[in-house]
Amino acid sequence: MSATEDTEALTALCARLARIPTATLSSQLIKRGLKATYIGGARRLIGTDAICGPAFTVRFIPGREDRTVPESYAWPGALPAAMDAAPPGSVVVIDANGHRGAGTFGDIFAGRLKVRQVRGIVCDGAARDLPGLERVGLPVWADGTCAPPSIGGLTFAGWGDPIGCGGAAVYPGDIIVADRDGALVVPVAVAGEIAAPAEEQDRFETWVQARVEEGRPLVGLYPADAGTLAEYRNHQEAR
Amino acid sequence: MSATEDTEALTALCARLARIPTATLSSQLIKRGLKATYIGGARRLIGTDAICGPAFTVRFIPGREDRTVPESYAWPGALPAAMDAAPPGSVVVIDANGHRGAGTFGDIFAGRLKVRQVRGIVCDGAARDLPGLERVGLPVWADGTCAPPSIGGLTFAGWGDPIGCGGAAVYPGDIIVADRDGALVVPVAVAGEIAAPAEEQDRFETWVQARVEEGRPLVGLYPADAGTLAEYRNHQEAR
Amino acid sequence: MSATEDTEALTALCARLARIPTATLSSQLIKRGLKATYIGGARRLIGTDAICGPAFTVRFIPGREDRTVPESYAWPGALPAAMDAAPPGSVVVIDANGHRGAGTFGDIFAGRLKVRQVRGIVCDGAARDLPGLERVGLPVWADGTCAPPSIGGLTFAGWGDPIGCGGAAVYPGDIIVADRDGALVVPVAVAGEIAAPAEEQDRFETWVQARVEEGRPLVGLYPADAGTLAEYRNHQEAR
Amino acid sequence: MSATEDTEALTALCARLARIPTATLSSQLIKRGLKATYIGGARRLIGTDAICGPAFTVRFIPGREDRTVPESYAWPGALPAAMDAAPPGSVVVIDANGHRGAGTFGDIFAGRLKVRQVRGIVCDGAARDLPGLERVGLPVWADGTCAPPSIGGLTFAGWGDPIGCGGAAVYPGDIIVADRDGALVVPVAVAGEIAAPAEEQDRFETWVQARVEEGRPLVGLYPADAGTLAEYRNHQEAR
Amino acid sequence: MSATEDTEALTALCARLARIPTATLSSQLIKRGLKATYIGGARRLIGTDAICGPAFTVRFIPGREDRTVPESYAWPGALPAAMDAAPPGSVVVIDANGHRGAGTFGDIFAGRLKVRQVRGIVCDGAARDLPGLERVGLPVWADGTCAPPSIGGLTFAGWGDPIGCGGAAVYPGDIIVADRDGALVVPVAVAGEIAAPAEEQDRFETWVQARVEEGRPLVGLYPADAGTLAEYRNHQEAR
Amino acid sequence: MSATEDTEALTALCARLARIPTATLSSQLIKRGLKATYIGGARRLIGTDAICGPAFTVRFIPGREDRTVPESYAWPGALPAAMDAAPPGSVVVIDANGHRGAGTFGDIFAGRLKVRQVRGIVCDGAARDLPGLERVGLPVWADGTCAPPSIGGLTFAGWGDPIGCGGAAVYPGDIIVADRDGALVVPVAVAGEIAAPAEEQDRFETWVQARVEEGRPLVGLYPADAGTLAEYRNHQEAR
């Protein structure tokens, strides 16, 4: 397959995954033994739709006074260069060391990422300048907002590395899906194989929900026993 | 008193307590020496009205890989059986060990509980599938949302036991009241005796608030000294 | 300068600072070596506008059963006296020891502070009686809500002392600014000198944001290199 | 097999496991997919030897003032009854909710357990009366010591239930092994099958350590590549 | 009573309380409704004997860069003045905000306190210069050691105020008792009345421990039922 | 200066710094504005002397099930390769994400590092196999011990990167000093300049301590006022 075809396939896959709830995707990952894939602390602050794209990782370490000086933002390879390097279609995932009192991005960085057609930002720490972020409108998942910039407590340590974010390992290129329940890491090796079963799970659970509303008990229905499965298959075939 | 009368009395008491703010009820419990009755972390995610009902307890312990397998949901006496067993009028209280990255319930379980006329769910951990929970509409108090299901980090351990929830002990049958300030445990032995003084406290505080708005200082007014109490009694008698 | 002139100057300064985002003010403080000035945990619960005023400090310590009795509210110099003593134009800053399960104020105390023309309340713990607080309408920043009153877990320890609040030191008279990003302590000694550079920073960042939207990379733009600075100055002069 | 034979087999297995480091046993559990088996926080306070035995579980929930009264120790089925019920050869595992300021046992309870030939106590909270515990000499793993008794913050909730302890699930009868590295839960279903491979791992690692001391690099040695494995097998056969 | 007699009575009381385990004293406080009296985190670092004396309180708040400058130690009324003011026979109790990375005292301050005949130091944060502290030999309870001085993260805020220390309220003059189980606050109002019952409790528990060693079950023995109490009284009278 | 001379100078500097308490070095760093240099959580587990050497950094991120498989230790560039790469004279500093339930090294890795003449290991998480580590004898600072290996909760992410460790930023080549008070990062740029003033501070503090023991108050003595400084200089000259 050519590189262009690869990219198109990835774009199509991401569009498909973005339509599946992270709750469903997480269940599919767990069926494959992958439990530690949820990014804790990152809740939706900006945006209304789910997003999906490959991770572009940014890493911070604790601040140290010889590095957390205002001029550090202008050092070669500093945080602005990372923002400029984020590729279109990606999701920027920021390891802020879980720091809630130092904002790793605000409206200007978010504005730049939006211009670069980044799909959104996921961060286990704080965002800053919430009104400005709302004006920009780039989707954001973070653990609240704060006033101080990143040098208020963190040192930028680079981009494109494996990181920890909210208790989950994130490797560059892992597929990130984020919706109202939060943000999930889908290792790229399984991203392709879970789309179809996840969609099927969603169809099945819609059917289950209708049965629940009719007053059916959960035992035997969900998870489905053999009788329920047969009933569901009949229903599917009848459609 | 017959069992039916008992049930009717309890239903009436719960309806009465649901109209009293948890802030007021907590003050009344503290007057009786009961401080450790607030369920920390559980904030309102779904619903607009206060709820009140006897606790139906559900308990989780930390997940272990030989138990947190997808098929465990179908084991006899597993979580679906607990949901089926929740009695009408009760409040389901879930001890999720404070785990914020494993959702102990989503829209299907909430849908089942709604059909069973449960009044709401209170949980010291996370809910999942927030859009689905909103469609169902059953009132929910929880410590945020996440994507993974319970087996992402927890093992179901049974129902109907005394539990800890958000730092409070909850015994089956304790009265749970939940509103915008959060969720409160009212031990059943005192539930009956605090309704009247709590209602009176609310009336008094409404009168105090009016005095405050007139510019009266707090000292002597709230708490009330003898003069203020006399003034309040006169006001009450004059009504 | 006379005391009246002093007060008027402070009032004017506070009005000016209230129009500057805390994100910008924090950057200016950090330029002056002041990083530990953000009040962690206090997020906006009530209000829509930013506030600014000198701090009136209130201090709590952990509760102890011989002090956390309902009658303690009526002891001489207790919490109601503190509320009565808060001066007009001030911001009441409460060191609640970070306790999220004991509400240090509710609608009656907030109502009293509103009558006293206090600008708002900032607390690193919980508020209580959220519907009542909304009726009063005094701006509030706190770490959530709860049902229990302060004696549910805290002992009032006095007012007018230096305190810690959300990890920041707050001295009486420090300038507090609070907006959607949270609450910031501006030591009074630097409050005057940062207003102008902060306003200039805001103008510059508005210009930067426009350049970002035109597609300009961040490197060289933000922070600005010599060429960007010259371009900005030309733009400013051309206005 | 008769019940007596069962008991003897279990006793022999426990004696065997007690001679294997928990570090080695944990590696064997992880090879079988069992990671969440380490009891966090419980470090050795009393004793010098490793212990191993089936778990006898004791459960606490947060304290509530109507239950945490001194007379509660005399209620039927209270904590003293649990201590009296602990079987010889067992390890008492206490879920103290991780509370470090309420001691769930002291010298008298430990003395009773010693008389009952319990092998030791493992607790994710605090012990109390350290000098008394040293006099008794029963091995103890706990997260420090404190002065208050359990009713200082906890309510006894029963024994013989599945519990969480230090982040691990513990079921009655699970095999507990504790040594200087801490305490480990070995699910009974795998306890028998890991003894032999764990012993072999220990032998292999002793051989590896000798190679390391000779200056051999780790890559290829540990984990062993094919050449190293052959060398080790030759060495074993030559003995 | 004269002031001298008062002081002598207090000294005698402290000597008496120092001989009673904090575990026993805590039980007596709980019988009087006082649970929140244990200083969490402060474990014995230096010393071998228990200490008891009235609290001399020292308070820190979070560090802020305009205050945490090396020269601040020389400001009037700074930390050295607090050390000079600690009275003979007192226990210095330091509210370090639970900060474990900023040492509020080292060997020089401890040396000064020893010269002043202070009985010991209790701190909910870190000590520093452990070898120096050992040379000085003044008893110390703290939550570990660290290298940085207090200005590495804290600001001194004064002495002689009510403080929180390890989750307990401490008022100047409260009686502090510290032993191997940790440090306990005995409110001065009850200090006198608990000595005798605590001593009696110790005698009773010594007798209980002997019965336990003879193999007696705990139920009925501890807590004692009527028969056990009679037996104990006979035993006491027979001595 | 030649590379050999550089190395010899560094070795000599490290030997010199190892003789200065970290408490003193931290004070010198703070005088130069460097506060965030203490590695929290890492306390001495093995060894009796202080160590000093340039940092060799090792980084872990949260574990993920597709990476935390036993065979991962044999992947190219995995943890054993990092151990083999640690240079003689260095201090291995491990960012274990603060995880206390997954041991990043045990006796075999420590044995290899000892053979490589590494000076010691500093880790913000747990060590494992404490008896084995004692046999090896390489100095270790860590936040306790545990049974599980690193793959029990962590994924190895590489070596030679800037890391966070116990809340401090550590860059490869930073000078690490560790003693009984814990472990300190000395940025290489200031390592040379602080040795002499730190030694002088130690001499001065020894003189101060003698004055304290003579009964001198701290105010005026420590920090020294002009008179004290003159007295100290006289004393120094008289030696």
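Labels for the chains are A, B, C, D, E and F, by order of writing; each one numbers its residues from 1.
Quick note on the criterion: contacts are C-beta pairs under 8 Å (C-beta built on N, C-alpha and C of every residue); 3 or more make two chains touch, one makes a residue touch a chain.
Quick caveat: nothing in here was measured; it's all calculated off a predicted structure.
The chains that touch subunit B as well as subunit E are C, D. Shared contact partners of subunit C and subunit E do not exist in this assembly. Averaging Cα atoms per chain gives one point for each, and the point farthest from that of subunit D is the centre of C.
More than half of the residue-numbered contact pairs at C-E reappear in one of the options D-E, A-F or A-B, namely A-F.
Taking shared numbers over all numbers used, the subunit D to subunit E interface scores under half, which places it in the different class. With centres set at the average Cα position, the gap from subunit A to subunit D is 39 Å. With centres defined as mean CA coordinates, subunit F is found 32 Å away from subunit D. Subunit B and subunit D have Cα centroids separated by 36 Å. In subunit C, the positions touching at least two other chains are 35, 37, 167. A complete list of chain pairs in contact reads A-B, A-C, A-F, B-C, B-D, C-E, D-E, D-F, E-F.
Across the interface of their complex, subunit E is touched by residues 33-37, 61-67, 97, 155, 157-158, 161-164, 167-169, 185, 187, 189-190 of subunit C.
Those residues of subunit E that touch subunit F in the complex are listed here as 63, 68, 70-71, 73-74, 80-81, 83-84, 100-101, 103, 106-109, 111-112, 115, 128-132, 144-149, 151-153. Of all residues in subunit B, only 21-23, 25-27, 30-31, 35, 37-38, 40, 43, 167, 180-182, 184, 205, 208-209, 212-213, 215, 217-219, 221-223, 225 touch subunit C in the complex they form.
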